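The structures considered in this document are given below.
You will see subunit A twice below: alongside subunit B first, and alongside subunit C after that.
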Partner chain A sequence: MTSRTFLAIVAVRCKMLLQYRAAALAGFGTQLFWGFIKVMVFVAFYASAVVEPPMTFAQVLVYVWLGQALLALLPWNVDKEIAEQIRSGGVAYELLRPVDLYGFWFARTLAFRLAPTLLRMVPMLVFTYFMMPWVGLEDWALPAPASAASGWLFLLSALATLLLSTAVTMILHISLMWTISGEGFNRMMPGVVPLFAGLIVPLPLFPDWLQGFLYWQPFRGLADVPFRIYSGHIPADAALLEVAMQLGWSALLIGFGMALLTRARHNLVVQGG
Partner chain B sequence: MATADGPGALSLYGRFVSQSIRATLQYRLSFVLMAVGYFITSGVEALGVWALFDRFGMLGQWSLAEVALLYGMVNVAFPISEALARGFDVFGQEFVKTGNFDRVLLRPRSTVLQLAGYEFQIHRVGRLLQGLIVLGIAMWLLPVEWTWWRIALMVFTILSGVVFFYALFIFQAAMSFWTVESLEIMNTLTYGGVETAQYPLAIYEPGFRRFFTFVVPLGCISYFPAVAILGIEDPLGSERWMQVAAPLAGYLFFAASLLAWRFGIRHYTSTGS
Partner chain C sequence: MSEPYIVVQDLAKRFQIAERDPGLWGALKGIANRRYRSVEALHGVSFEIGRGELVGYIGPNGAGKSTTIKVLSGILVPSSGHCSVAGLTPWKSRVEHVARIGVVFGQRTQLWWDLPVIESFELLRDIYRVPAASYARERDELVALLDLEPLLDVPVRQLSLGQRMRADLAASLLHDPDILFLDEPTIGLDAISKLAMRSFIQARNAERGTTVLLTTHDMDDVEALCSRVMLINHGTLLMDGTVADLRSDRRRVVVDFESVPDLTGAHAARIVSRSGERVVFEVESRVAEFVAEVTASYPVHDLTVDHPPIEETVAELYRQAPGRQAAAAEGAAGD
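The block that comes next holds the complex of A and B.
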């Protein structure tokens, strides 16, 4: 598939998905509320800390608010249209198209992750960064990036997150071709992904004996890595290596997804009619 | 109920429920996968609470066992409501948007009875089991004597919690007479309510506390009775008799939701197709 075709698919899907503004606004309200609960819980925990925690409170604030802003980026659900195509057998038409199926779905999935994130991210960042200090909530507001370099590296890392998240979502999509086990897999992921990405509890706050394991798993690149680059918890000079690891995991998971799709196509039986 | 239901309403409801269970169990593997998935997605929250206590030791004056009691009670009450109130939960999407509510209105039984019997989601047992496990751990860890009145108050609190969350789903359904696109905002009170009630109300900001005591009486079905069960002084200064009577607010809230439902129905205009 040429990059022009790829970008055209992404652009068209994004344009369509950007229409859902009312839902995004309701989502913004929900996520803001969620963020406030989390912040209040952390305020209480930090007030009772006896030994110094491995993250400052400001770094936790970054983690909470970026987590709410970029929630839609996490690969916890599937594109219902693709799922329906697989279920109904419409996937047969997809195979007839003169484009590679993995590339075609990857483009759609990229848009499916990107557009809702853009819609929800903008109001969340504006509110938590600019408006909260303004209404007297500066203690709870989203802090600025640790440095200009950290800010730019965060953007780079966030783009790598988009790639990684799309790769994981693709595996969810393709797994649906194995009807029952695919459904099971799709039911487990929404629990496992946020935990290992750091959205339930920031990963550095987990017990020290778990840190080694948490470091060597791909889902860290979905939230923990970009958030800690922003807050400087991962220093700017170590950030490029972390981004490289995100990209490495993405490449690995894309390769796995492609292999999975090839297998699925061999097993695919489309009912005639 | 919205209109008098006449004889046999309860047995009819029982038949709705048993039919729904039998239908679900036709797809046994699917049901098991859904239940296990729900166990995991809700269970990661418990892991998160554990991780934070492992890191910080205490949450102000609250111990892990005390928070586990709050967590367990709300995570037992909520899935029961969710299982029972499915008809109201999906009301906006499945009845108002599609116009299917017209059919409900034509039948010679009350709308509330029909929606209550719409679907009984037994896979919610996944979260229920998770809540029961945490509750069991809390009861085992807590240094209180489990007298009959403590158990009775706990059961009463959980039942009131079921009624309270059911009322939230009815409010959500009533809201869909005006909007179906912005219903996600109600998640702040349902799922957000569960999240909030997992921690002691005393750690939150005063305005937030008042909202969840007097407007949406979430604290009345979790925090206040829990203080009485624990036999401690309430840092918020409530009297013992208030703590024990507080769960009654859940039933008042339920009555209010039925009024909102009746008011909503009068405003209903069909989509007409």
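The block that comes next holds the complex of A and C.
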């Protein structure tokens, strides 16, 4: 598949998804509310800490607000349109297109992760970075990146996150070809993904004996890595290695998804007719 | 027939269908011991189609028409058998294969539901990588021929069935494919849309030499379009011939007598129906002789000779089909 084809599919799907502005606004409200609750929990937590926590409060603020801004990027749900296509057998008709099916879906899935994220991210960043200091909440506001280098590396890492998240969502989509309703996976992922990505509690705050495991699991690249690069918790000179790990996990999961799809393709049953 | 362009050999496709008994007990039993029934959609189908042919593919619901089309268009992998379309095996060289064919499934659109028609076209241009110049040429021609100009900015979901089908047909031809598979392209269309569809398909076949395989339930489609007809039932090809072959030698003779006639034992011809002065006979052969005999024996007001409706012949062929009992027995056999 050429990049022109790929981008055309991404663009069309994004355009369609960007229509859902009301949902994004409602999402913004909810995420802002939860963001404040998280911040208040951490204020209390840091006020009563007896030992030096492994992250500064400013680094935690980055973690919380970027987490709220990029929540839609997490691969915890499936594209309802793709799910419906699989349920109804419409997926077979995608095979009529002279493109690799994995690439075709990947483009759509990328748009599915990207468009809602953009819609929610912009107001969240504007509010937490610019508006909060302006209304006197500067202690709780989103801090600036640790350095210009950290800022740029964060952008790079966030792009890798998009890739990784799309690769995981693809596995969810492909697994629908076996379970059809997708309830099993769909119910498990909202529990597993935010926890291991670091969105419930920042990963550095987990006990030491868990750190080894947390380091070597792919979901870390969905939130923990870019957020800590932004706040400088991962120093700029170590960031490229982290991004490389994100990309490595993406490649691995894309390969797995492709193999899964090849198997599913041969079991394809088109109902009716 | 010219060099075969599409070759199908002993094509078979079995589906496994999970079954359960009705009711709660059936559902519980299904958890422990899942039964599968094997349904044979295609049972060793073979045929060849030459380049530039326009072939009708008919059969009752569930006969295997759509399954054949889906295998030929690379969507389904058959259980066994060989198939070559313009030198390629559809499911093995899928990407290369589908770039050269156009497919329309009358029962569902391949356009993007929420997009205006023109944006669907543009997306297809990018997906099929149609060069800008030839895209513009094809698009303009299709828009003109299928009268799509007023529909281009309308989202697909707002189109009527007839409009949608025209848009779908255009969408399947933007990349100028050599082969066109049409699965019930006239289903649900009104008379005008059907005629427009038919004349378009015919013109495409005649002018560009596009090879067309078309499934339908409408015998008028077949009569109007197809020089050749294949009839399938229970996954087996029952007939491969011309439309003329579908017509039996029998003729319907409709006679309006001057008065209600007494026909008891007078003629060998079968009486299909009678009401008052009008009697419809079915004659096997020597129609002229029969007509002469009737007009000589009775005062006749009017008389017409006609083919029996092609639907009746086809329905008879469907009923004759072997394997009806076989299929029922297979259904009962269980796992």
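Some points to look at:
Criterion: the second predicted complex is superposed on the first by the 268 of 273 C-alpha atoms of A that agree within 3 Å, B and C clash if a C-alpha of one lies under 4 Å from a C-alpha of the other, contacts with A are read in each partner's own complex, and residues count from 1 in each chain.
Throughout what follows, a contact is a pair of C-beta atoms (placed from the backbone, for glycine too) under 8 Å apart; a residue touches a chain by one contact, two chains touch by 3 or more.
Predicted model only: the values in this text are computed from it and were never measured.
Taken together through their common subunit A, the two structures put subunit B and subunit C side by side without a clash. Once chain A of one complex is fitted onto chain A of the other, the partner contacts of A:16 are limited to subunit C, with no touch recorded for subunit B. Look at A:90: by the touch rule set out above, it reaches subunit C but stays clear of subunit B.
When both complexes are overlaid on chain A, the residue A:135 reaches neither subunit B nor subunit C. Of the two partner chains placed by superposition, only subunit C is touched by A:5; subunit B is not.
Ranking subunit B and subunit C by residues of subunit A touched puts B first.
By the touch criterion defined above, A:48 reaches subunit B but does not reach subunit C. Applying the stated contact rule after C-alpha superposition, one finds that A:241 touches neither subunit B nor subunit C. No C-alpha atom of subunit B lies closer than 7 Å to any C-alpha atom of subunit C in the overlay.
Note for the complex: subunit B touches subunit A at residues 29-30, 33-34, 36-38, 40-45, 47-48, 51-52, 54-60, 179, 181-185, 187-188, 192, 195-196, 199, 203-205, 208. Those residues of subunit A lying in contact with subunit B across their complex are 22-23, 25-27, 29-30, 33-34, 36-37, 40-41, 43-50, 53, 180, 183-184, 187-188, 190-192, 194-195, 200-201, 205-207. Interface residues of subunit C, counted against subunit A in their complex, comprise 15-16, 65-67, 70, 73-77, 94-96, 98-99, 103, 105, 107-108, 110, 112, 114-115, 119, 122-123, 126-129, 183.
Contact residues of subunit A toward subunit C in the complex are 2, 4-5, 8-9, 12, 16, 90, 92-93, 95-100, 265-266, 268-270, 272-273.
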